[in-house]
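Here come two complexes built around chain A, the first alongside chain B, the second alongside chain C.
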Partner chain A sequence: MKNKSGFFYNVIKPLTSNKKALIGLIITLFFILMATIGPLIIKLDMNSDFANRYQKPSLKHLFGTDYFGIDIFAQIVHGSRSVISLTLLASFFAVTIGTVIGILKGYLEGFLGKVVDAFITVFLVIPSFPALLILAAIFSNTKLNAVEVALIVATWLWAPLAKQVSAQVLSIKSKEFIESSKMLNMGLRYILFSDILPLIMPYIFVNFITQLKGAMEFTIGLMFLGLAKFDSTHWGIMLNYSLYQAGALYTPKGFHYPFFIILNIVLLIYGGILLAQGIEEVFNPKLRGHE
Partner chain B sequence: MKYILNKVVYLALVLLLALSGVFIMVNKMPGDPAYGLAVSISQQRNMEIDKALEIAHQMMGINPNESLITRYIRFTTNLLKGNFGYSTYYQASVNEIIAKALPWTLFVISLATFISFFVGIYLGAFSAQKRGKIIDIVISAVSSIIQAIPPFVLAVLILFVGAVQLKIIPLGGAYPIDVEPSFSINFIIKVLHHAIGPLLATAIPQIAAWTLAMRGNTSQVMEEDFIRFAQIRGLKDSTIANKYIKNNAMLPLVASLAITIGYMLGGHTLVEAIFNYPGIGFYFGKAIAFRDFGLLTGLFSLIVIGVIITTFIAELLYAMIDPRVRLK
Partner chain C sequence: MSLLFSSLGVAFASTAKVSEIKLATDWPYPFHGNPFGAGAVGGAWWFAFEPFSYYIPQTGEYIPRLAESWKIEKGKVTITLRKNAKWSDGKQFTAQDVVSSIAFIQAMWQWPYEIETVKAINNNTVEFTLWKDAPQSFVHTILTDAAMGSLAPSHIYSKWLKQAQEVANLGKQIFYTQQAGKTVDDKTKKDYDSKSNALRKQINDFQPYKQLKKMVVVGSFEPTKISQSEMVLTLNKYYWNASKANIKRIVFRRWSSNEFVWASLISGEVDAAHPSMPKDVVDQLQLLNPKLKIKTVSDLSEIALVFNFKKDTFKDINLRKAIAFLVDKAKVRDVSVWQAFNADNYFTGILRSMESSWVTADTTKKMTQYKTNAKTAESILTKAGYTKKGNQWYYPNGKPVQFTLSVYGPHNDWVLAARELTQQLNNFGFKVEMKLIPEGMRDQVMKGGDYECAIEFGSAWWGYANPYTGYQRLYQADVANITGFPAKVKYDTPWGKLSPFDLTEELRDVANNQQKAIAVVQKLAYITNEYLPVVPLFEKILPIYYSESRITGWPSKTDAIWSLAPGGIERVYNYLITEGKLKSK
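What follows is the complex of A and B.
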């Protein structure tokens, strides 16, 4: 059975045999292709062309044109790059911060452990959307790069993971091999990151996927709320333009403008949710029987 | 008792830290709340903007030379006395604004939670019992798709379809401006009518979340041994479904009810801002727009306090329902 123990049989096969994971994978792969090679194939011309304002969807303009007569499909394709890269980056930061702080909290005892715990709880009890509203106001006149936006979003995502990781660490901590590492004086860093981290790695990976939904919702929300000094084809900014600048909601001719932006946002998040649920079922057999 | 006392001290510490964070964040916001007034003064009286700004500061009771630390100390001591601060834009105490706005927010949040909890519990249990059938697949798929719609997008969609296109829900307010509040049937109907938009925007994602959670819990409970025993004992299917499965699947959800209400207090900000519904979130949006730092810190503190209290209640409920938590 040696040939059945590889990456393919352990990861790829169960993923493609799970219906949810497969559909989620197809949807997300579609958007990843859109973000990677899409902009190379589809040309984006951001020059206003008022003669072509609010054209209905057609073969020439797949999603129609916007208030300025610019092709919406081309904007969606080019924007997918910043939407996906920001989401991945924010999720990566959130998972890294959450894991490091979670391991610390799980390992530290006494007063220090309590302090770290209080720190995590502070971020749990400050609601993210009012905080994002204020952050959007703070940064409304600053041009931010992708790393800065991702860090802002990650600030409101890492805390729940840190709590969960610390609980996992607590249960691992009492195992014998940690005791032996301690007796061998292996040092805190070795115990935390060489003994404990590999054990919770699969858990963290699944969390990275489930985190994507929040990361995308927050980045789009932040852009939508007016953190506008970023790539103007980012879907959140496109949505802000379509609803508030171009007034597309109030003219029947402009209906398709926000519609296609929202359709793409929802489809991408839905694909992510399916993939996350599928992966959770694959790695957590307890859930598998219920589907 | 010691468990509760420890918890209270701990949460008080968390509250202090969180409020300090909020205070720093708000005061990092660029802009001077007096600037708008100063511009109009300088135009009216034809004077330099710096001079006008000084007058505006005086009129609004702002001391720009006051240090951040002095302001922070005043903010915390006031909060300890139950005073949420002063709104420079509305020229009123934040407590007054809260007294006016909080009932509307609580009205919509509690009604939405109540409706969505029962609808979600019912749909989830129903779906789990029809596992694999078309109706279950439809309920699960629709719930997941709703979960994929960001809340602010959903709110905008409801406003667009309901208020702009179909014109069946009002564009804003808690009741028509030309109607005097009273305890008449007519007024209550108007209030409910104005609440439809925010209510739908709050309840729809909640229904989807409760449905999925209840469906998962029900499926898990259905596999448990005591359900098999009940079947062997020859109990009626309807008794097993309602008394055994539903109750056991529902208990953990009851405990998370409190937490949901707390978090909705924060999430409602956006819904109210979009629907112009005069609750806490509406004033929060105004406070940001007018750079009213006093109002902003006051309202944010209120939201954080709400979240902490409901989290505490939820933890107590968990401990009551699940003795294992108490032992830790």
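What follows is the complex of A and C.
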């Protein structure tokens, strides 16, 4: 008899047999490959060639050329590195902070619970744009690395998740098995992170994926505020160039320019959402229809 | 029955189509109607207030507006006002209104102290006495600045006039003392501060549009209906030339973004505007709206790469010269503002469109010609001890040549120029990063010196279209203040050692005498070209889009009136409307 325990049977097989998870996984892997080995294969020439602007998609230029006459496909490939690394990092930080604080808020009662709640509320109500302007003024002479930029982005993303996680925890903490753990004196850390966290993991993962869009927008904002290193091939910056600087939507010649950028952004986020939903269906017994 | 018809008549009359022109601009909201308040009166400025004359740079002609005539003597300007000029509430416009306006602008803006006194000789004559060190060119400001005569109607602002005069006199006293190199005593300073603050508070709180239910103007149109998205100006029936105007109403759409204005021009929602527009958008626009015409005029300014001389990065002239040689200016122009005029191969501080009138062939022979050539740039650096390893240049001290190029984010055309320039500089072997200056922080960053090099306006001839204006900007005022270029240092020239600061002072005194001015300009052009306080990229132009679908009577493309547009395009529209040239179909 075959041994049906192990990572393959418990994780890989269920994931690959779920359609959503499989498609999401393929799309996500495609973009991860694009970001890791793409720039090694596809050459990028950023020298402008104004006479060859807005060339239509062809074998020479898969996605055509942009307002500067530069190959859009090559820029998408090279830009994927900063898009994916920055947004993944920022989402990761946001989800980590949001989860820890959310679980604390949900579990803690009395004065401490109120303090944590107030802390979350402060970050929920601070308008992010003026706050970013202040940060830009504070860090105007500092060169921030990717981790620092991701942390700044995460600062404005974690609070809504914390609120939602705390609500989930509130509904879980009155369950019998939590009471049992309490009676067995299992300790706060055990209850929070061994009893409660696994139950809300799928939910957190879905949030992690949906944060990507917000993280991408904030990253662009930071570049425009001069806080993050300005990267011409970042998809958000490319989109900004195409819509606001080059006015590509106002000329039929330039339609492909924003189209391919938006297509890649949508695909990346859609792939992530499919994967997240698939994972939830696979690992959440309530949603596992096939068993 | 007659009652029914008469009421229908009223209804028809009220809905009768008023001839109007639709434009785009910005204005403060809620609208206060106070020229000294935040945001002043927005794009209504040149319609609400009128200067004594309009100056046409292309012909050098002054067209009388609020003034009938004027007499210029040394240190004195006497202006005869139009006898039929009236405020929009029907009150006569008099010399006392000019006295009032000068007192208020000096008190509120600490400018222009070049006017020492202003006197009402009689109802229609006003006499300006200039401060002893005021440049003769300041006469031009008096004649053409709309703030000079009509900002503060005396019958509305009279209750604060004495206070304003007192603050203005104290301000002048402090200014003249400081200019004489003397120290102002603390008591005078404190006195000024307390009186100035007290006046400022009262004037800033004044909201004529709300409190008086109207903003009284002497200009052709008064603001009558203002919302967030639309500002309507109605013809001032008392305006001295109102009878000639065929257009009775101006409707301004909010200039929320360039894209909004593009769309409004394509759809015919506005009749004229001057947004920066990419070439392909212009092509499409003309295809969709063939009645839309384009006229480009020089903006009387150049866009340049400016250096921060307070930092070490660009102190070496060899590095600046290498940059001047390596930059492909035509490429920068193409991606940034395709309609702009190419910068010349000489960086003289004289605008390209004006160069032939001011820089002689003899002077250009003496100067370096910056024709794009990377090899020349390399040779300059190598001779100066710079080295190149791989694709990176190093200073003679072994440090890599690396810097940040800052650019103001909201200025699309500047961002495009910066992106191209960064690419070219990196290709050459410098390590350059581009940094965007956030909206609203341009002054703070540039004046605070928080940059290494940046895209900015270089020489600009706004106001008084004369080389003096451009050199004053480069060596004494705006650009000098942000770059810290050592303008008082004496530089080697074919005429001996000369300082551009002193030469600019010399030019100030002879600016009105073309022959004498040309002699000084040669020296300044030489210094500017050889010591590069800035590297010009292109001469900015103002593209004016105007539609003939609803409005007729636009002047021909060669008409000199278009050259009035830089620094206040509404003056062109105002002139064309009030002279009865523009008509709605």
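Simple rule for what comes next: the second predicted complex is superposed on the first by the 189 of 291 C-alpha atoms of A that agree within 3 Å, B and C clash if a C-alpha of one lies under 4 Å from a C-alpha of the other, contacts with A are read in each partner's own complex, and residues count from 1 in each chain.
We adopt the following convention: a contact is a pair of C-beta atoms (placed from the backbone, for glycine too) under 8 Å apart; a residue touches a chain by one contact, two chains touch by 3 or more.
The model shown is predicted, which means the values in this text are computed figures rather than measured ones.
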I'd like to know which partner A:245 touches here: chain B for first, chain C for second, both or neither. second
* Between chain B (first) and chain C (second), which, if any, makes contact with A:196: first, second, both or neither? -> neither
Winner on chain A touched-residue count between chain B and chain C: chain B
* Asked: In the superposed arrangement, does A:157 touch chain B (first), chain C (second), both or neither?
  -> neither
A:118 contacts which: chain B (first), chain C (second), both, neither? first
Contacts of A:232 with chain B and chain C, given as first, second, both or neither: second
Touched partner set for A:279, first chain B, second chain C, both or neither
neither
Chain A residues where the chain B and chain C footprints coincide 133, 137, 141, 224-225, 243, 250
The residues of chain A that touch chain C in their complex are 46-48, 50, 53-54, 67-68, 133, 136-137, 140-141, 223-226, 229-230, 232, 241, 243-247, 250-254
Note: in the complex, chain C contacts chain A through residues 257-259, 262-263, 266, 277-278, 280-281, 283-285, 331, 334-335, 406, 409, 412, 415-416, 419-420, 423, 427, 433-438, 440-441, 444-445, 450
The chain A residues in contact with chain B across the complex are 114, 118-119, 121-122, 124-131, 133-135, 137-138, 141, 213, 217, 220-221, 224-225, 239, 243, 249-250, 258, 262, 265-267, 269-270, 272-274, 277, 287, 289-290
Chain B residues touching chain A in their complex are 10, 13-15, 17-18, 21-22, 25-26, 28-31, 131, 144-145, 147-150, 152-153, 156-157, 160, 164, 216, 219-220, 223, 263, 265-267, 269-270, 281, 284-285, 288, 296, 300, 303-304, 307-308, 311
